[in-house]
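Multiple structures follow.
Below, chain A partners chain B and then partners chain C, in two separate complexes.
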Partner chain A sequence: MARRYLPVAAFAGLIVAIQLATFFTGTAFHLTQLTMTAYYSLVIVGLCMLIGYAGQISLGHAGFFAIGGYVTAFLTTFNLKLHPGVFVSLLSKSGMLVARPDAYGGSLLTVHPWLACAAAILLTVVIAYLVGGPVLKLKGHYLAMATLGFGIIVYRMVLGTGFLGAADGISDVPGFPLPAGLAITGNSSARVSNYYLAWGLVILGMALLLNLVHSRVGRALAAVHGAEDAAGAMGIPTARYKLNTFVLSAVFASLAGVLLTHYNGGIGPSEAGVMKSVRYVAIVAIGGMANLWGALSMSLVLNYLSLRGYFGTYDDAVFGVILLLIMLFAPDGLLRRHLLSDLKRAVSRNPAEEEAS
Partner chain B sequence: MTLLSVRGVSKRFGGLQAVNDLSFDVATGSIKALIGPNGAGKTTLFDLISGFLPPDSGEIVFGGAEIHAMSSCEVAVRGMVRTFQHIRLFPKMTVLENIMVGRHVHSRAGFLAGMLNLPFTWGEERRIREKSFEIMELLGIAAHARTEAVRLAYGQQRVVEVGRALACEPKLLLLDEPAAGLNMRETNEMGRLISRIRDMGVTVLLVEHDMSLVMKISDEVVVLSYGQKIAEDRPLAIQKNREVIRVYLGDDQ
Partner chain C sequence: MAGITYGTIYAIVAIGFNIIYNATGIINFAQGEFVMLGGMTAVTLNQFIPLPLAILAAVVITTIVGAFIEIVFIRWLHKPSVLRMVIITIGISILIRETALHIWGESVKALPYFTGSSGSSINLGGVYISSQILWVVGIGALVVAALGAFFNLTMLGRQMRACAANRDAARLCGIDAGNMVTLSFMVSAAIGALGGCIICPITYVQYDSGTPLAIKGFTVAILGGLGNSTAAVGAGMILGILESFSIMVLPTAYKEAISIAILLAILFVKPSGIFGSAEAARLKEF
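Then we have the complex of A and B:
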């Protein structure tokens, strides 16, 4: 138990240390990219669960991120005042709508962000089940291609849909109100609180996933990953477990999409792009596949560098190269869970053992 | 009483009739052996019984229920567990973890309970662990609990596979060549282990090439040749059966 949560506490310490460092060096503007990094990290740890532990690839997770982001962006900016009706007044009476001034001095009546978030997650769950059900029957590159297809569909749909802003995306998305006067918003006055909110959520997500890995379900997933037919013979409903993990990782991605959209005040079609999905997979891969901490630390470093513009115009290319190199030279990832024990084993290996295996 | 009943089961692979209109029963509490030359269809029959393959025709009844349309998972939940001719342990998992997976059907913590680490799962995990150690003690592999299972010697991997199946507390245990690749001492130990499993109340259906093992431990023997049953009798009678002798000697000549 302590072995599980000690790293979580250490990571929380790191997050505090980073904030303090930016405070004392007067570089608090870094927190903006670090907060965005947190939301992308949420996608990545969820995807790590799917790829590394359940053994299923997805090249379509930017699609789930976009579903979350676009649903909330649309619902919280679509002016219902212009579309009065029984349904709208019903929603209004039950307190599910909010009024706010728009950018041009007029006023808006939109769905409350909490309801929008709930709708986004619900839609994600439904779509993930509908897509995952048939698609997860596929294996290896067939699964990769099918999920890629899903990602492309979402991308082309947001790009081609007028009320989703087409190539421009949706802007003027309001902040996401939280209790105690907090809000998820890009206002620079809320920079520090948003940094902690975002990373707090990541830490919570990590704790949940680490618990899952060390549970009966985690063991079953490892069994499915290692020898699927033998797992089935032990009474593990392999298809259902894979599907549930797929949906779980989709929810992580979608929630990240919702919150980052409120933080950024908008979302554009590039968030649904295939290169985003590739980037997520690349980070999980370099993090060591079945290694939540590896994926998280790689996500922290790479997303931050990318968002700060260190990769310049080669941004997407960098992640393509990472994926290529990992697949060529270290298909198990760089930060492998068993790296240490493997090294020990390699050193202590004797010829007799070699022969036996 | 009959625990498993195979009735007129057939399976075809393209032009090859792997199992042909096969029928036999397995009595509760017995050890039944299935023998036959290479390619006779023994493993295919196991695949059919355990839900890995659907039969083309025929019925399979287990514990009073028709199971021939069920998945391997559903069959396992009903209390029938198999081992594999080619060992299929879970890689990257310790012996203990492999056996703990066997407790899956007897525990219930799902995704939500696991993620939230709910208190009821603590006791459940402890019981899974205790039961797994109990089984490892019984099989004499407790010393290897923390070793990665696929790193053990071959004979021990076979024992782990049996242990994993036993952890499910099956009513019927299907063993596909449990003594394959074992030396004489290990084979004898495996034989004693299988008898002990039967004495624990588990019915055993066994595919095995080692004749002395089969004759020593089984209550009844079914002989397959080209997917068909050519004999079903007590071990002593099988040894004298002319058809069986012809099939076996004919193979070697």
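Then we have the complex of A and C:
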């Protein structure tokens, strides 16, 4: 037990240390990107569970992120005052709507962020079950293409739909109120509290996933990953476990989408783009595929560098190159044991040998 | 007519998929990038040399790129898993796309019409159609015929087919299977580039125009049954025509979503393709 939670505590310590370091060096502005990194990390640990532990690839997870973000953005900015009706007054009476002033001095009546979040997650679960059911029956190329296709459909839908802001996306999304006077908002006065809220959520998610990995479900997933037919023969309901993991990782992505949208105050179609999905897969790959801590630490480093703009116009290229190098030289991922010996084996295997084999 | 024009291009991309799939059992996700590269290179070269030469040079350059990719990234891998190959070819496609972005920028480019201009049209038994459409359909048909002849009549083509059918047996007969894979990348890069050149006066070309084409080409390849190039032509026409009808009913912005939805529907219902047999599909690796 202690061994499982020791890294969690160490990671929490690292998060505190980073905050203290920015505090003492007067560079608190870094916390903004670090908070955004936290939400992207949530997507990545969820995806790591799907790829590394259930052995299923998804090239469409940005789609789920966008579904979460767009649902909450739409519901919390759509002015119901202009569309009165029985349903709206019913919602209003039950306290599910909030009124707030808009940027031009008028007033808005919108869905409460908590309700919007619940709706986003609910929709994600429904879509993930509907898509996941048939998609996870596919293998190899077909699975990759199908999930890629799902991601592109979501991208095209948000890009082509007028009420979702088309190419501009949705802006002016309000903060997400929490108990005790806290809120998820990009306001610079709430920078430190938001940093801790975001990373606290990531740590919570990690604890949940680590428990899952070490439970009956996790062992079953490991069996599915190792040899699916054998696992099925041993009585493991492989299809159900794969589907549930798919839905769980979709919920992680969607929740991250909801909260980052409230933090940034908006969302644009690029969040649903194929390159985002590829980037998530690249980070899971470099983290070591079936290595939640590897994925999390790589996500912290790479997302932060990318968000700070260190890669410049080569942003997408950097992730493409990373993905390519990892898959060429260390297809089981970078951060794991036996790496050096595997590397040596990969390099020493020259074409002549291969021809002979 | 627009449906048939697009359908021809989808079929050409699908045939590119099939050639590499037959030789290696992998799907080359960078296939659409060959089309983009062909179009882009031809546009650039056309500023200096006449159009036919520019197209020829673009095809040759893309073919070299195809060979280069196979030799650098694919050739030395030892029995890679399908998932690994999928991710590697996706990585290659990102690399080509980003390189194109840094060479050509984000601007949209186009070749001039091969004959006449965008305004002119040809009277064909009372129907007026643009001359470029005839070029697309004509060259498309020529490519299919030439490939058919290559695979059935020439020694090299027969060797490639032998490798596709049974690699070990082909090796025993003295065929260099590794070179055949390189050749398959070159052939599919070449026809992709040619497709990019003939279509780009109509659809224009941009650094990121490869991915949608790759997805639609894959849809067509699956629709016709993976590995079956003759069926791909029919399937290409079907998708092209379906797509042009969908624009009448739904907003243009959803056009791409429609063809992907078709792809998903086929994958869910009949992954062997409408022209393929389920038994044959079960024997394939994927």
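Keep this in mind: the second predicted complex is superposed on the first by the 336 of 357 C-alpha atoms of A that agree within 3 Å, B and C clash if a C-alpha of one lies under 4 Å from a C-alpha of the other, contacts with A are read in each partner's own complex, and residues count from 1 in each chain.
Note that a residue touches a chain if its C-beta (ideal position, glycine included) is under 8 Å from a C-beta of that chain, and two chains touch if they have at least 3 such contacts.
No experiment lies behind these values; they were computed from the predicted model shown.
Participant: Could you tell me if A:Ala220 is touching chain B, chain C, both of them or neither one (first, second, both, neither)?
Facilitator: The first partner, chain B, only.
Participant: Once the shared chain is lined up, is A:Thr25 touching chain B (first), chain C (second), both, or neither of them?
Facilitator: Neither chain B nor chain C is touched by A:Thr25.
Participant: After the superposition on A, what does A:Asp229 contact: first (chain B), second (chain C), both or neither?
Facilitator: first
Participant: If you count the residues of chain A that each partner touches, which comes out higher, chain B or chain C?
Facilitator: Tallying touched residues of chain A, the top partner is C.
Participant: After the superposition on A, what does A:Asn244 contact: first (chain B), second (chain C), both or neither?
Facilitator: Once the two structures are laid over each other on A, A:Asn244 reaches chain B alone.
Participant: Give one of first, second, both or neither to describe whether A:Leu208 is in contact with chain B, with chain C, with both, or with none.
Facilitator: first
Participant: With both complexes superposed on chain A, which partner does A:Gly140 reach: first (chain B), second (chain C), both or neither?
Facilitator: Only chain C is touched by A:Gly140; chain B is not.
Participant: Touching chain B in one complex and chain C in the other: list those residues of chain A.
Facilitator: 357
Participant: Could you pull out which chain C residues touch chain A in their complex?
Facilitator: Those residues of chain C that touch chain A are 26-27, 29, 73, 75-78, 80-84, 86-88, 90-92, 94-95, 97-99, 101-102, 178, 211, 215, 218, 222, 251, 253-254, 256-257, 260-261, 263-264, 267-268, 271, 285-286.
Participant: Which part of chain B faces chain A closely enough to touch in the complex?
Facilitator: Residue positions touching the partner: 50, 52, 71-73, 76-77, 81-82, 84, 88-93, 97, 100-102, 104-105, 107-111, 113-117, 121, 124-125, 128, 151, 153-154, 164-165, 168.
Participant: Could you list, by residue number, the parts of chain A that touch chain B in their complex?
Facilitator: 208-209, 211-212, 215-220, 222-223, 226-227, 229-238, 244, 248, 338, 356-357
Participant: Quick one: in the complex, what on chain A touches chain C?
Facilitator: The contact residues of chain A facing chain C are 57, 59, 134-135, 137-142, 144-146, 148-150, 152-153, 156-157, 159-161, 166, 274-275, 278, 281, 285, 313-314, 316-317, 319-321, 323-324, 327-328, 331, 349-351, 354-355, 357.
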